[in-house]
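The same chain A turns up in both complexes below, where it pairs with chain B and then with chain C.
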Partner chain A sequence: MFGYPLVNVLGACLIITSMMVVLARTGRAAACLYSLQSLVLVGVLASLGAVTGSGELYTWSATAFATKVVLVPAILLFTLKKIGGEVPVDLPPKLNPMKSVALVAVEVFVCFVAVSGIDLPTAAAVKPTLAVSLAHFFIGLTCIVIQRSIFKQIFGYCLMENGSHVTLALLAPQAPELVEIGVATDAIFAVVILAVLVARMARYARTLNADDLCELKG
Partner chain B sequence: MDYSMLLLALLGCPLIAALAMAVLPSKGTPSAVYEALHLLSLAGVAVAGLALVVAVCSGADVYAAGEWFHLDGLSALFLGLIAVIAPCTGVYSLPYVAHDVEEGRLGSGQVKQYYAFFSLFVFSMILAVTSNNIIMMWVSVEATTLSTVFLVGVYRTKLALEAAWKYVIVCTAGVAFGLFGTLLVYANAADVMADAHQAVFWTAILPVAPLMDHSLMMIAFVFAAIGFGTKAGLFPMHTWLPDAHSEAPSPVSALLSGVLLKCAILIILRFYILASANVGDGFPQTVMMILGVLSVGYAAFEVYRQRDLKRKLAYSSCENVGLIAVCFGIGGPLGIIAGLVHCIAHGLTKALMFCLAGNVMMKYHTRDLERIRGIVAVAPVTGVLFVAGCLALAGFPPFAMFLSEMLMVLAGVAAAAWWALVLVLVALVVVIMALVRLITGSALGGAPDNVPRGDVPALALVPEIVLVALVVLLGVAMPGPLAGSIEDAGAIVMAYEGEYSANGSLLDDALAALAADGMTEEVFE
Partner chain C sequence: MTIIIAILQAVLLVAAAPLASGVARKIRAKMHSRTGTSVLQDYYDLAKLWRRCEVREGGSGLVSRIAPPVFLGSFALIAAGLPLAMQACPIPLLGDIITVLYLMALPRFIFSLAAIDSAGSYTAIGGIRELLVGVLVEPSLMLVLFVMAVAAGSTNLGIMTQAVGTLTAYPFVAVVVAGVACAMACYIEMGKLPFDLAEAEQEIQEGPLAAYSGPSLAMLKLGVSVKQLVVASLFVAVFLPFGAAQAPDAGAVLIGFLLYAVKVTAVLLVAAVIENSVMRVRYKYLGRYTWFVVGIASLSLVFLVIGI
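Moving on to the complex of A and B:
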């Protein structure tokens, strides 16, 4: 259970935890579950570091712990606190849980098929995890599309970002640290900006319901 | 002159200005302080930017911070666009923001926010065009979104916030696909390069591009086209564009449409070059052609349908980005040159039109075209410029877009891309109808009684006159150095085919080839 098999098992755990984030009923639960999923991501990075002997990946796992396990959930929980009871945050999604799970299952399957055609020595041993990282993109996209609450849509972006982080680690374990710092910093800024925008929306537009934000169509 | 230092200074000017404005207290700091910092930073961008463009046109190849930043003929063209349009829209911002403050639409905190994020936006665009590190390219494109979201939502109305939300969520999600494409290119390059650390640099990847895995490169290009195409406003990922452009303050819309969309096009071009070097030009050209034709076809009818001035202009941007994609889809020396000329021509013209839309809003307090009549009678200078801008946007001579659209048609004829050409020309006729209707319906006719006569402040008109002059100049007599620069940029895109001529005159060769095929006679008969 060590080496690449461990990486692939943790990859599977990423799918399960991301599904939990998508299905979470409350914003608070989604933030906590996202923290858990990021902890799994830290595990993927650290185990990849051990397998490939890449010192950079250990650093990445440390920064991922600080930013994704602690900072991002803290920002989102703080935003929830700031919004308070001004407007409803925990709106039901547009798709019921069964249909969401079925959709994600199809996405994961398609990603596995797509990745099976890739012939890249760097990723040969971690193809399942590569498929998982690609699937994360689509799970994140699904989260953005099916959530009615724009607060919960932020988690969609976070999941997509986690997917790209895993892809970066799998395909570019020797990439300069500055690259990883650039990507991580960018993600933090994106979450901060999304959170500020959600807080402003609650304050000025008095709604977090995506269905209410369709006046500019056409 | 040390051009590396100049490039770093160029990046530093707007960044330092943004940081300086951010630390100033919003209460108690007069808006003149922000305006001074804003103008200083833009003066720095104009001087350093144009000096670097001239240096590159004279043959310099500028690197800075090792290989992290690189200015070649291609990026110099886009840097030139930033160095001209950012100062013009920046100067235009002064009377526009002052007007919004007078009207009570902006408070002191929002004024600070406006100027600080404007500088940050300019910085992120310079970063995007000068980055040689492909992952930094992605970071900078993402940074352009993050720095502009509060500019789009600066009015804090429900509609402005809705537009800002759609903008940030669609673009961050879309550009995440761009990151995936970028990572695939990196991993692919790292596998064939002796030093994996070099695989992040575009200039290092290009020579080994033919050795990389073909299927992976095709997937990477599709991801990049979708990801950065979202930012460029290509159909069907364009949904953020009309909302963000229409709700943002007009100078920001001008900068978004005039420059930002072109920065995204540049990044797509970088991937286009890599993909062409790897799998040949057929695949990337097909992808660009499909996205381009769909964008032009869809947006042209939206341009006609819209009754909101800024949404009409926003859809026109979508249509013109589609035309640029069609040019690259046609390919060949003439197609590439047509695309590059259209980037410049449309950038200048659309910046002008959004500034003029700002003038109209200052006078009429609405964007609803049903209520905008007799601009020429109300504000004569604005009116004349508005008519000229509409004609320029419709592609009439003697304006720059006539030249680029003619080049596109010639390129299409040379490549025998008949189906695409017919579809695009039909769409262009629809756009011409829409813009002629805009002139007759809004610019001409009697002035409404409730709109006071008189033009907007001179400071608002000066940048617009400069932009009109440039659009005419490029249309009637393109300056030699600029034409040379476009040829250099075209040669970089064509390098993978080795088609650029030894005598360096890409355009002459393309036209000669066209004549040899007997196409020109056919076209002009």
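Moving on to the complex of A and C:
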């Protein structure tokens, strides 16, 4: 149960939690579930560190905990608090949430087929998790496409970002901390900018519905 | 020895089914702040119906006549084959998932045929609805059992039970996700709210029941309760086999059976509470919920293919 199988099980938990983020009805629930997903991501990084004996990965997991489990959800919840009373945040998604589960399953399968062609010595034992990390790009994209609320679309970006984080950890476990700082700060600043944009749009246009926000000129 | 266990299983499940549905009715009454009928009310109903004479609709044929015994018999047969007290099927021939799935499809098929056979127009609509539930739920159940078959390396329920019980079913996450999907699919199969109301025979849902009376209606009513118990037992047998006997030893089998009774009671209680906290959904929107089950089941298949 320990070693690479544990990494793969945690990878599966990543898929389940990201699906829950996509399906969450309220923005608040989505933020809390995103925090949970990041906690699983921290688990993946730490267990990979234990398996590969890479000290860097422990540092990665610590910084990921600070930025993704605490800071990013806190920023999102703060934004929600700021705009919550002014405009309706929880808009229904475009695709029936029940169908999006089937869509996610298809995406994971397609990614697995794509990954099975890759023959890298570093990723031989964690191919399932590599497929999961690749699938996160598509799950994030799905989230952006199917969500009406621009606030929830931020979570799509965050999921894609988590996917890239796992891919990096799997393929380059010995990469120096500097690379990871790039990924982590990238996430923080992008989320801050997106949150500010969402808050300003909510104040200016009085809506978070992406369909209504088609006249953002000048 | 195993043959005796199989017969005992079938007899006990059929005998306990009205009690299970009586308890479910009592819980519903309590949650509605009513006193409710006795938990033995279903036995009284069945005894009363059994004494009544049988009235047949004019023009109904053989199918209508054989539907009640086939309905009850199929579920009693499934009950005999399930690995309930042991981590192996008492009769391996009956414990194959393909047999079980067909035995579950047969009553539905006969039930729908009987609905068309009857002269009433309500019964036909009820039959169509019964089929609709089947079409929407059975693929998920098949998919889940297929995942379990690959994970355990056999289509026999006993071997699946053993694999889950000894935690050797290989892609661990796939099995857990399949368990969640199976719980949902079984809940819908049990004919509970928001999908169906098993005792609403005078309404459109259980339409074909409106055409029956006397012993036939008693058999069908009993069959509906046995179906609920059998479907719950299928879930318990495959995904919660912990505590079941490893070998056909009298003491271990007894302990296994008592534990099974506790587990199935817990499952039925949870189902009863869920049933009473939701309202009935229009049949038009049934697909929305079943899509979710299909999604989870296909996710478990994907996890199985990936190997996690």
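What we mean here is this: the second predicted complex is superposed on the first by the 214 of 218 C-alpha atoms of A that agree within 3 Å, B and C clash if a C-alpha of one lies under 4 Å from a C-alpha of the other, contacts with A are read in each partner's own complex, and residues count from 1 in each chain.
The rule is simple: a contact is a pair of C-beta atoms (placed from the backbone, for glycine too) under 8 Å apart; a residue touches a chain by one contact, two chains touch by 3 or more.
Here the structure is a predicted model, which means the values were calculated and not measured.
**Q** Based on the superposed arrangement around chain A, label chain B with chain C as either clash or fit.
**A** With chain A aligned, chain B clears chain C, so fit.
**Q** Name the contact category of A:A64: first (chain B only), second (chain C only), both, or neither.
**A** Neither partner.
**Q** Using the touch criterion from the header, give the chain among chain B and chain C with more contacted residues in chain A.
**A** Touching more of chain A: B.
**Q** Which partner does A:Y157 contact after superposing on A: first (chain B), second (chain C), both, neither?
**A** Only chain B is touched by A:Y157; chain C is not.
**Q** For A:A105, is the partner it touches chain B (first), chain C (second), both, or none of the two (neither)?
**A** In the superposition, A:A105 touches chain C alone.
**Q** On the A-aligned overlay, A:P128 touches which partner chain: chain B = first, chain C = second, or both, or neither?
**A** The answer is second: A:P128 touches chain C but not chain B.
**Q** Once chain A of both complexes is superposed, is A:L194 in touch with chain B (first), chain C (second), both, or neither?
**A** first
**Q** In the overlay, answer first, second, both or neither for which of chain B and chain C A:A184 touches.
**A** Neither partner.
**Q** With the two complexes superposed on chain A, say which partner A:V166 touches: chain B (first), chain C (second), both, or neither.
**A** After superposing on A, A:V166 lies clear of both chain B and chain C.
**Q** Once the two complexes are overlaid, how big is the angle at chain A between chain B and chain C (Cα centres, nearest 10°)?
**A** About 140 degrees between chain B and chain C, seen from chain A.
**Q** Rounded to whole Å, what minimum CA distance do you find between chain B and chain C in the overlaid structures?
**A** So the smallest C-alpha gap separating chain B from chain C comes to 20 Å.
**Q** Would you mind listing the overlap between the chain B footprint and the chain C footprint on chain A?
**A** none
**Q** Under the stated contact criterion, what part of chain B meets chain A in this complex?
**A** Going by the criterion above, the answer is residues 133, 135-136, 138-139, 142-143, 146, 149-150, 153, 156-159, 161-166, 168-169, 172-173, 176-177, 179-180, 183-184, 186-188, 190-191, 196-197, 199-200, 213, 215-216, 219, 242-243, 246-247.
**Q** Touching chain A in the complex: which residues of chain C?
**A** The contact residues of chain C facing chain A are 172-174, 177, 288-289, 291-292, 294-296, 298-299, 301-303, 305-308.
**Q** Within the complex, which stretch of chain A touches chain C?
**A** Touch list, chain A to chain C: 5, 8-9, 11-13, 15-16, 19, 96-102, 104-106, 108-109, 112, 127-129, 131-132.
**Q** Spell out the part of chain A that touches chain B in their complex, as residue ranges.
**A** Within the complex, chain A contacts chain B at residues 114, 117-123, 134, 137, 140-141, 144, 150, 153, 156-157, 160-161, 163-164, 167-168, 171-172, 174-176, 179, 182-183, 186, 189-190, 193-194, 197, 200-201, 204-205, 213, 215-216.
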